[in-house]
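First chain written, first letter: the chains are A, B, C and D, and each begins at residue 1.
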Amino acid sequence: MGSMSHSDATGIFINETHTSAAIWQYRVEKMLLEGKTQYQTYQICDIPRFGKSLFLDYNIQTSILDEYIFHECMTQPAMTLHPNPKKVVVCGGGEGATLREALYHNTVTEAVMVDIDEELVDMVKVHMPEWHQGAFEDPRTTLLHTDARAWLADHKGANFDVVLSDLPNPHEDGPGQFLFTKEYFQICADAMSEDGVFAMQAGSANENYPACMASCIKTLENMKEVFPYVNGYYGIVSTFFQPWGFVLASKKYDPMALTVEEIAKRHAERGVKNKYYTPRFHQACFTLPEYLLRAVEEQGRLLTDADPFVWDA
Amino acid sequence: MGSMSHSDATGIFINETHTSAAIWQYRVEKMLLEGKTQYQTYQICDIPRFGKSLFLDYNIQTSILDEYIFHECMTQPAMTLHPNPKKVVVCGGGEGATLREALYHNTVTEAVMVDIDEELVDMVKVHMPEWHQGAFEDPRTTLLHTDARAWLADHKGANFDVVLSDLPNPHEDGPGQFLFTKEYFQICADAMSEDGVFAMQAGSANENYPACMASCIKTLENMKEVFPYVNGYYGIVSTFFQPWGFVLASKKYDPMALTVEEIAKRHAERGVKNKYYTPRFHQACFTLPEYLLRAVEEQGRLLTDADPFVWDA
Amino acid sequence: MGSMSHSDATGIFINETHTSAAIWQYRVEKMLLEGKTQYQTYQICDIPRFGKSLFLDYNIQTSILDEYIFHECMTQPAMTLHPNPKKVVVCGGGEGATLREALYHNTVTEAVMVDIDEELVDMVKVHMPEWHQGAFEDPRTTLLHTDARAWLADHKGANFDVVLSDLPNPHEDGPGQFLFTKEYFQICADAMSEDGVFAMQAGSANENYPACMASCIKTLENMKEVFPYVNGYYGIVSTFFQPWGFVLASKKYDPMALTVEEIAKRHAERGVKNKYYTPRFHQACFTLPEYLLRAVEEQGRLLTDADPFVWDA
Amino acid sequence: MGSMSHSDATGIFINETHTSAAIWQYRVEKMLLEGKTQYQTYQICDIPRFGKSLFLDYNIQTSILDEYIFHECMTQPAMTLHPNPKKVVVCGGGEGATLREALYHNTVTEAVMVDIDEELVDMVKVHMPEWHQGAFEDPRTTLLHTDARAWLADHKGANFDVVLSDLPNPHEDGPGQFLFTKEYFQICADAMSEDGVFAMQAGSANENYPACMASCIKTLENMKEVFPYVNGYYGIVSTFFQPWGFVLASKKYDPMALTVEEIAKRHAERGVKNKYYTPRFHQACFTLPEYLLRAVEEQGRLLTDADPFVWDA
């Protein structure tokens, strides 16, 4: 394809719909693998500039270019905030990279990953080693294939220090809806230690579709007695063509009280070397643009099992 | 279109090529105006979620949703940094919104906008009042239609306090190439007062195409004797599907020395009310992600008239 | 657009879905007019190679390149078959070109066009003169804006010589469904003279979606006592990216009995000069490919008001 | 994908550019195989309604739905016209289906297929058995991988009864250009017996891009002393979204003199059972629409090695 022009209309594309505003055609240089599990379809392919990438149900999930940005954001703020994270749960997180990031902290003694899609994770083990980097074989890891919410509900009082909720967006008719509600967040809290930290991926941080993230913030803020500290933050994921939103909820520690020096110290002690969530960048990640603050006020609402968020973007 | 599904493939689209990685199909709800000037084609149309939007040569320029983000970033850091900006030049800036933002500062006594495309600006005056908001009629405004670089070269020693370079990306065979070079930056400097501030739009701030912004930073950093302070910053423009990069170069004042309080004071005194570049958000804007810092090191190069940047994204 | 490459991904497009197999992106060189009536959206635009074109609800209807092919096929076989067509009804036919074709026959004394969409026809009168060519002003023309089926039901016994059914495809939830049924065909027959000829557009004549045309043939063949002669035929419409199907049903005359000489004689006497449906091409038009014959057998079914055809392509 | 809406924008697509008028997005249900040979890229995939399909350089070549139409048109008119075809050459024809069609004639004693792309044919042998159906193993077959024109030039006087030229369109910079010229046609003629028949695929038979087919007709008509009979014909290939053109050139026999009865007799005697090119359909295939006749007059030109056709559609 040496002579392929950048503006050439011809080729293979995976089309993803981004709200009603646009359809994105990702150019596929090479289709590496395609398949279908009980839960979703997947493609692994090479994309120009992004490199090796994974699509689930025709939505891009991750690329080798900047998977570290998503996965550091998903994992490192919560792990860093806890002074001594030993027991960690990853809900979802199929590629194994969230697990990988958690295991970087040498404080960890037990890491449980609960992803319902066994077929997908089996595929990932073989075909996406750049993502998991052996995390599934780490002796501290327990890998389970069951419903994360149900499993957590069964582990009330289990005293997990950190829960990382790396789950699919709450699409209509999908099970994801009940993984973005107050009831689910309470189940997480009940499985956490009294100084536990929770973090979740919360959808787009763009101005044209901030309602999911805004509602996650609003809902967790509604649980002040459980989580006195709730903070939205975001990472710039080129692969997603938008910044991506996360929410951290903490029972005891205030992320805004972390100094650059303290973050650097913890990373150094624990053997963590980040490329995006660096000590000096902590503050910038947690400083939301005004439009997100407005969105929390204007579009955020309490999400419950009875009235969950339905992604219609 | 009441029943239009968000994932409906059917409709009118403007297709924009984003590097070799993707083609973006912006959905057009309503084409409002189309035309062609001596320099470029244009469309004004309604896009779902983005609202009224302008395309030039099939590249989206601005939408009513978040034009304020681009234009505040283009204008406000430089204007705010100068303690008493009286004379301002806007190079390019066809929609009149960069001019509008500069005029918000009541210190301004003279604002010159130099945009070569008279036909486009005439169209904007009539059809894009939400952008210029009367700025062209402001008694402090002088509107010129000539080559900005040549005009600035003719105004050596004119002592402009702020120069805002809101010019098209440097495409192959286009004149934009010579508006992103050390020679051009020197011409700007020569037309500025001894404590002048320069700011420019510098292209994508995404990890997959940071080379233009990185090279602008590198080139301005190469002019330390002229501009002792050079800082990249960015704004999150949903409409562009990526954060957008800018560079500020200052002869005397250090933007990182501005406190939240000082920014708030200046805005209050001058009657400026920002929605994105707020005092508390200044620091976050100027804190570049690690990947941009790496890009400056690894991809940034000195841009000269003999070897300018050629946008091949 | 002088430098536009034919394979350039960039530009304005109208996307039309062609069955589940493909999406077609028609390149818009210039959007000439857009609007919305009570019944449908429309665009008139210039398309490379096709020229001025009309879209309704984002489906291409006609282009200046080959509108004559569709409209001659829609009109000329039926008009030619009748030895002395005086009274003609056009059902639908918004662009006025089917009416125009009928009026070419100097035998016609009365031509009634019944198209429910008055706003569309008013637009056509002004903006599509290349199509109607003054047909609406012909003294023989009566233009009505009401439901064609209801109007025909009110004109039982009106002795029309030719009825031309140029109506939209029978989409789900659309009124078109009841314009492709045995009951509708009976209403047409009842408004026709005892030697009347009926012709209809019947959808795609492609092998991948022949079911609509096949079912129209099957249904009209089921009415042998009314229409002893039923023949499918087709025209090659480049603009539609497929051959298009029609069905002719005749009370008395057999189209296959028409000789080249007789067709030539009738055209000469009546002042008709066709560019596609020429005497020598009559036989080719009416010779259906084997796959269409198979489709009638295998996919054709009786269409009734209770069980109409639903276009799901 | 049971619930996939036909108009869903989401999924995998192969985009093919069809002239400057349109881009076609073929929906890929399943990518079966991808690869690259020395000469071209290929994909085999499942497309809704079309089924298993082959793309070369992102141009659809054939689908299981109607490959028989292309390959019967490519082969059967020429084979049928010759009263006793014994020695046959297929130039190109990678899928092996043109060869298969020729071998259906039990008169054939020797069939040589000359396709330069050995890697592609090796792939076809394994992955496209529905196309070749064992033709490569037929004892009458000789399969060669060399330049077809050069090979034919080396076989002057070889007395082939039929030459079938199933070669790629003459794209810019491609070798195909010199396979659509008078010099090439003369080389073919020189390798044929004195009553030999030649047929070639000649590109689109659509009104918006008939220039290639028109010029092939014009060029072969320019060789009256070699080929007294030259006739264009076409097949309706749904998969190509257009009718496809072919040209037959004959040294001794007139295809228009073939009666339905004679065709039927030859097919019966030789064991040939066609699904598209049936005896009754022969005449329809060879009756070109007026626009193609006009195109020969207005757009057709003599193609030579010095001034070949360059496909710019």
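Criterion: contacts are C-beta pairs under 8 Å (C-beta built on N, C-alpha and C of every residue); 3 or more make two chains touch, one makes a residue touch a chain.
Remember, it's a predicted structure, so these values are computed and weren't measured experimentally.
Q: Name, by label, each chain that touches both members of the pair subunit A and subunit B.
A: Of all the chains present, those in contact with both subunit A and subunit B are C, D.
Q: Taking contacts as defined above, which has more of them, A-C or C-D?
A: By the number of C-beta pairs in contact, the winner is C-D.
Q: Between subunit A and subunit C, what is the separation of their C-alpha centroids in Å?
A: 54
Q: For subunit B and subunit C, let me know how many angstrom lie between their CA-based centres, rounded off.
A: 53
Q: Centre to centre, by mean C-alpha position, how many angstrom separate subunit C and subunit D?
A: One centre to the other, that is 33 Å.
Q: Going by the contact rule already set, what residues in subunit C reach two or more other chains?
A: Counting only residues that touch two or more other chains, subunit C contributes 7, 9-10, 13, 17, 23, 25.
Q: With touch defined as at the start, can you tell me which subunit C residues reach subunit B in the complex?
A: Residues 1, 9-17, 23, 25, 28, 30-31, 34, 41, 43, 58 of subunit C touch subunit B in their complex.
Q: Which part of subunit B faces subunit A closely enough to touch in the complex?
A: Going through subunit B, the ones touching subunit A are 4, 6-7, 9, 13, 17-27, 47-50, 65-66, 69, 205-209, 236, 238-239, 241-243, 275-276, 278, 280-281, 283-284, 287, 289-291, 312-313.
Q: What part of subunit A is in contact with subunit C in the complex they form?
A: 5, 7-10
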